[in-house]
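In the two assemblies presented below, chain A is common to both, partnered first by chain B and then by chain C.
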Partner chain A sequence: MNTTMTETEEAATTSYTHIGKARLRREDPALLTGEARFIDDLTLPAELWLGIVRSTEAHAKILGVDGRAALEIEGVSEVLSGADLAPLWGESALPCAWPVTDDMANPPHLPVATSVAKYVGDAVAVVLATSRYAAADGAAAVLVDYEQLPAVTDIESALATDAPLVHESLGTNKSYTWPLIPNPEAVDEAFANAAHTISERYVQQRLIPAPMEPRGVLASPGVANGELTLYSATQVPHILKVMTAVTLGIPEHKIRVVAPSVGGGFGCKLNVYAEEILCSALAMDRGVPVRWTEGRSEAATATIQGRGQVQHIELAADTDGKVTAVRVKLLADMGAYLQLVTPGVPLLGGFLYHGCYDIPNYSFECTSVFTNKTPTDAYRGAGRPEATYAIERAMDSLAIAVGVTPEEIRSRNFIAADAFPYESSAGLVFDSGDYQTVLDKAVAMANLDTVRTEQTKRRADKSNKLLGIGFSSYVEMCGLAPSRVLASLNYGAGGWEAATVRVLPTAKVQVITGSTPHGQGHETSWSMIVADKLGIDPDDIEVLHSDTAISPTGLDTYGSRSLSVGGTAVFMATDKVLDKARLIAAHQLEANEGDLEYVDGSFNVKGTPTAAVPFAAIAFAAFTAHDLPDGMEPNLEAHVTYDPPNFTFPNGTHIAIVEVDTQTGDVAIVDYVAVDDCGNQINPLIVEGQIHGGVLQGAAQALYEDAVYSEDGQIVTVNLGDYLVPSAAEAPTYRLASHVTPSPTNPMGVKGVGEAGTIAAAPAVINAVVDALRPLGVTDMAMPASPQTVWNTINNVNNEAPGGAS
Partner chain B sequence: MIPASFDYQVAESPEHAVALLTEHGDEAKLLAGGHSLIPMMRFRLATPAVLIDVGRLQDLRYINATNGSIAIGALTRHSELEHSKLLAQSVPLLASVAALVGDPAVRHRGTIGGTLAHSDPASDLPAALLALGATIVARGPHGDREIAITDFFTGYFESALADDEMIVEVRVPVSTGGWDYQKFNRRAQDWAIVGVAVAQGGSGVSLVNMGSTPLRASATEQALASGASVAEAATLAAEGLQPPGDLNADAEFRSHLARVLTERALVAAGASST
Partner chain C sequence: MKSITLAVNGTERKLDVEPRTLLVHALRDELRLTGTNIGCDSSSCGACTVLVDGQSAKACTMFAVQAEGTSITTIEGISGAEGAGLHPMQQAFHEHHALQCGYCTPGMVMAAISLVEEYPELDDRGVRHGLEGNLCRCTGYQNIVNAVLACAGAKEEQS
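Right after this comes the complex of A and B.
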């Protein structure tokens, strides 16, 4: 069933006009000309601005909130403490939808703290004012009296008996322990019999998602009818609607949530935040619109962060380097509270620590702890970049131990191309893939022979510009998710997606999707799919989304699910429309529907193309209803809710070539090759864009980004001068290729590509840095590999080496 | 990220700007390119009550040759230095340093007067001007005065300018001897973690971000002058300095970088002992 890219391209060209072709995004003109409307561009009469007073302490009792000075400022109308606000939500807390174990500790999380502030950035009071300026001045003028408490900032000491407690009432900082150890004895046995064992510890630093547009909320009450319209820069308007209803007790049918143009999210807008609940509650209570726009520095602490884990990974292997078992103990940082899916994020990687290798014995255990820091939650890749990092770093160490190249150790362990569908030792069934062919392509593209010759030469010359080669072969689980699997993981919702395809009287088409785009180009891709199936022009199709009044059902965009779940729903709804159109055509042609074929936008009886009924005629017939088959409803539209039978499993091999300046510690990515298998591609241009951005985001974790906290819990990196998001100037020149093994899980054979680059890139870059420096004795490198860190690492090795530099 | 409220006035001439400065005293700030001042205001690290906009004084945007030196108007943008043919011939170090400041947007707004008056030890152009031995012309209520650049930087973000003075011109001696600039940073648009400027084959060596002001690497200059090799001279680059430590580099690493970059800059400038 595996086909190469070329064959698939041929198939695509023969059967489709648009699918498989690079197409410019129809979303871009409005974005590039500034016409697109983001939350901050919307205004409503009489709106009030919310300013939030945030804790300056990592852990402190709130002794008092003094708003007198703030109330003197022109435009400030109210100052409200957590206690003042409590009646608005009573006991209800911000939602966590993923109680991963029955005994998971999940302390109540109020939108505004009442007695104890638990992280820098925790809301402790709010100000209402007539302008954003007055709200900011007002918030700055509120005096909060704190009594400092000791803070927990290091996850490895959070479980020590003498550690301070983030939540006194729990008596521990542990939230949960989640094991996935199908056969413990077999794992022990594999380690006992191993010829080689590897045991490593890696740190996944915390990352700040930093989408181009920070968050924003505008809540508008309909006082007469008890309605709420909630505009939010969110990835998940549908989830937000349900959760706002549940949290505030507003009947769900009275709530409309709108996500206008949203400037990226990377997972951080997959949440239900205090500010959304605050603006909604205050708007409903005061009867006026209430809004809030997040500042960039505010976002550093008020929006969730990503990663935050310490990983212990062990491999057992035989003499040839064939891995027989993997054992992982993970320590995950939840931050001060559990946000929407906080506890589930490390577990999304928990099934993938064997990477793309056929490792028969599996042991994974995650312990998650509270700290006095901003909550963590989903960030591009969510669990899978961490898992890939650990296994790919460890495989390189194994290659060294066995004495083979990194590509050889991978080849010896890959799941074989003929093993699919492959049931993994962690219990997943992988759909399709040909990992060896993908790796071979990448190796060929990277000119490894030339690079290795140059690498050897520079080493021999004692050059201070050393070259390193880093591999990362990955597989990820996408297309969240089969609802039954989510049920088995205790997730609080399903994983289906909804679509409606509605043909208008003039044969123009509306596609309504429940998958909410925020930069991915759904409008372009969905219209390509529908255009090809209906044989019409993509410009005759409008894709509607992101407003629960227009698209009432859906589960939104995250986890690389949009195409494989949401796109499949669109595909299937279009099929349903065609089925109905066929009935109408058969009726008009007085033919048997089974004798009809649909070619170039017209139905005709096979063999007699002259008597054809064009799509437009059917659309109009469905509208006039003058002459439809008996009992047929007069419309031409279909709705599909698709629940995927399985995840999809994109995979690939990336190779980074880096040059490390051993004098300054500077790392430059001099070449980057990525070969990815995301199944069939709808729009290769969008695929490339996702890989470019994804790779840079992964390389950013490897080289640049780090949410730095002091020991007492103060965050240091609160602006983009200190928190180093790389720009286009830092981006390597990517060289990309694809290999296609269509997923048998869905009718289009697609897998998803939103997170692949991020998942693959960090281990490729760090493996390359370590490879460059191995002659100096370096065996590991902390992320981010900043010049200072690289220089320190080289120095420490020199100092530790027997007879090393004095 | 929202500045406190302020009044805004547009200066019609340098004299008008000085008059407004005199009127408002230390409550007021000149606004040139705004690319240092406005970020400070947004972080509320600066809360001037009055902004006096000098950014529209076109008469102060020029690069002219005047017997042996180049006169640059205070409102000249970094991008104008970067692309000036005259500068490329007469003071190539300055043109090339200007091209490394921030990103294109920053270079189209930021001015030479602004970067000097801001006196950030991490800025590129002030250190280059220090290596080149520039002179700063300041206009005050009592007329113009010249300040040698060696006397200009008095402390961390502090200069010899009085509250009622405005920089109107910078004079730079023609300098075509061996030169180089090593800027070490992590992202293209960032300030230097450490920078080293070399002018006139090594007779002027200055350092970026190695102390509270832009600094001459005097020990290196003297060593070169008294016959030390480039490698020897470079090891003295951080001699006697107390560089800052921050997220990008601690003091020890900064000193190390200063030595490495000084050697690279001297080699690139073709420096040798005299």
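Right after this comes the complex of A and C.
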């Protein structure tokens, strides 16, 4: 197995000119000079600005909306309540595309509430105005009369019989329960026979995704023909087009959605939002362009949040620490409504609570509840960071119970390198991996012997700067997704991706991708793939995307799917172009196509390199159509829609070394080692960048970020002064390495890397903090491990200990 | 409305603005210099950083009227005219893959130019603390730090 992989690996790097080599991004110049156009940079004649009046209450009846003062403001033309707006969408609700169970509760979610506001930030009225400032002034001047209702904010008490109800008509705060328990008796038996059991409770705090560009929308009507052009800072223009058609009843063929340059998404722009529907509906109704730009403080409640779970994880293990069963009960916070894929997010982790370990018995059950808070939805990793956190924290606890090192407990349980394809107890088939080699590389890079010597010394010296070592070995399911698997999960769409490769008469090439980049560098990577296959310069290839008029079919960018699904479609479409080019070349050379070879951009008869037909000649021949094989269509282009046969399974081991100041509670990451296997790499430069940024986002969950709510549902962390997105001063230096086991799932052997860093980092950092403080009696640490939390945890342990200062 | 005169990227501009109009909105909405981005409403993110008389400033922390008589440089004003090439800091960001989505980039580049100007002998810590007021969500900062150090180093060698 390993030998084969090494050969594939070599083939991947030796036979290509561009693939596998760092290439600077063609996206950069426009972004670096300010020429790139983001949503707020666009402008249209006669446009109106939308200002949104948002609920200041977590749960309240809307008794009245008074727009008189707002209408006095120069430039404000209309004030509209939810009731005023209702005719624009009738009974239609904002879409949830993932009804995970048949009995899932999914109450109607209108773009603007009509009678009850259900979270702080819920839209309750809008104003239309002629300028940015007038819209803000107008929204601020609208008076809303509320009657406060009791709010439910804590998910663990949301199912209590006396809990207030978010949606009165449901009679419960439960949305659904989703079990994945293939063999309950075997799980019970494993726990009954276990030598060691671990039982832990972890809290995944809510996170604010905070891409640097807030959201924005500009909807432009074509009155004469009933058309809508919708510009939105979205990750998903194709999904948005379908959903806008369904929600507003605008015929889909009349809708064009354009995602301009998009300033990051991290999952929060994978949605269909009230503002997109609002701007579209108002633009079509009023016959003028309507726009909205989100403020950062507005984004804290108007854009989805991530995570928001309470995890109960149990492990059963034998005397050697070999895990025999994992049992997870998950409580997931949906927020007040279900957004596009809200209910599915916990389930994306639901298959991975065994981590990268060969655990034969599996039990997972998720119960999801409504609360009076902003809806949750996909945030970088979406379910998989949570799962990885739980299993990696629990494995460290098991290592302590068994009396071995964290690396030893992992080695004893890894899925073996020769076990692939590996069918997991949760029902997935893992593609490839060599988890032990990856861990060994990370251990070697982290200089663990030296660090442990220093750690021991500081402990002995009673130093107040304690060192901790934290491991995180992860595996994720990426490349979303085989459409039939999505069907089995009740997801409302497929998981394919589309690509067109079009050769122009002058042998320049257009690549059209349905995958929608927002910082990932698709244009550079896709051009490398096509250039290598066609034997031409990447600069002769243009990659077009993010506009449904140019790229009519696609399923967009999320779930680390772009390369393994979208890139594969590009790869396959290029093959189809070559197949057709070969037929044309054979015709011109009067040769059998099977006797041709394609070398350095020319076809020739094997062994006769002098009689060659260059690619440019074929491109021109396809255009003139003067001398093509009988019956051949005069073009040189191919379209492929690729539906992956399986997920891909990137994996890796990250090691964080932290220094904890026991007097202040401050945690500093002093070293961070990441060894990742994302399969074959197209552009290692981009892979590195994705891991850097991903790691910091995961580390930020561990140490800094928390969407804090008061008990009555008021959000406290509304801006970037309170919500601590780390700066360069907090960020560690990352040391990276890769290991490659090509995925057999797709022809390029790629797996995906967009979420890996985030999935791995949080447990590595928290395991390190706990490791540092274990001599003080600390066995757990809540996220974020802020100085206050760390200091309190240390002191609470000391106070609880016998003889402690109580 | 109040009339102001300021130099933007070397050209004198006259504007009529409300007294409350932020400099960043005057640049973006009035002068249509949209390279300067807005990422927050609390002066935390630095996406709107420009140079005011050669010193970096967050353009959301100033009213346009406060810029009366100043010389403003935005991201549009630092690369060579007529496509004569990127500014050395822009080039360093490109070569070190110091941007992904690119939204924070104009502000980050302007802040970095000012930092290197003010502190020619920067080290890793110096860059990290010097850019503390500029947030990036994509890169994890390492490549930004490397780019700024490379640019600063090249500048040192030349002088």
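Assume the second predicted complex is superposed on the first by the 792 of 806 C-alpha atoms of A that agree within 3 Å, B and C clash if a C-alpha of one lies under 4 Å from a C-alpha of the other, contacts with A are read in each partner's own complex, and residues count from 1 in each chain.
Methods note: a residue touches a chain if its C-beta (ideal position, glycine included) is under 8 Å from a C-beta of that chain, and two chains touch if they have at least 3 such contacts.
The shown structure was predicted, so the numbers you read here are calculated from the model rather than taken from an experiment.
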Partner chain(s) touched by A:495 [first = chain B, second = chain C, both, neither]: neither
Chain B versus chain C as contact partner of A:688, first or second or both or neither: second
Contacts of A:133 with chain B and chain C, given as first, second, both or neither: both
Partner chain(s) touched by A:36 [first = chain B, second = chain C, both, neither]: second
Partner chain in contact with A:567 - chain B first, chain C second, else both or neither: neither
First (chain B), second (chain C), both or neither touched by A:479: neither
Partner chain in contact with A:791 - chain B first, chain C second, else both or neither: first
Touched partner set for A:663, first chain B, second chain C, both or neither: first
Between chain B and chain C, more extensive residue contact with chain A: C
Chain B and chain C contact sites that coincide on chain A, given as residue numbers: 132-133, 295-297, 719, 721, 727, 729
In the complex with chain C, residue positions of chain A that touch it: 24-25, 27-38, 40-41, 132-133, 210-214, 261-264, 266, 295-297, 518-521, 685-686, 688-689, 691-697, 719-721, 725, 727-729, 731, 733-734, 757
Complex contact set, residues of chain C against chain A: 18, 20-21, 25, 28-29, 33-42, 44-45, 47, 74-76, 79, 86, 90, 93-95, 97, 99-106, 109, 124, 127-129, 131-145
Contact footprint of chain A on chain B as seen in their complex: 1-2, 4-5, 43-44, 103, 184, 186-190, 193, 247-250, 253, 256-257, 260-261
Touch list for chain A against partner chain B, complex: 132-133, 136-137, 140, 295-298, 663-666, 703-704, 708, 716-717, 719, 721-722, 724, 726-727, 729-730, 786-788, 791-792
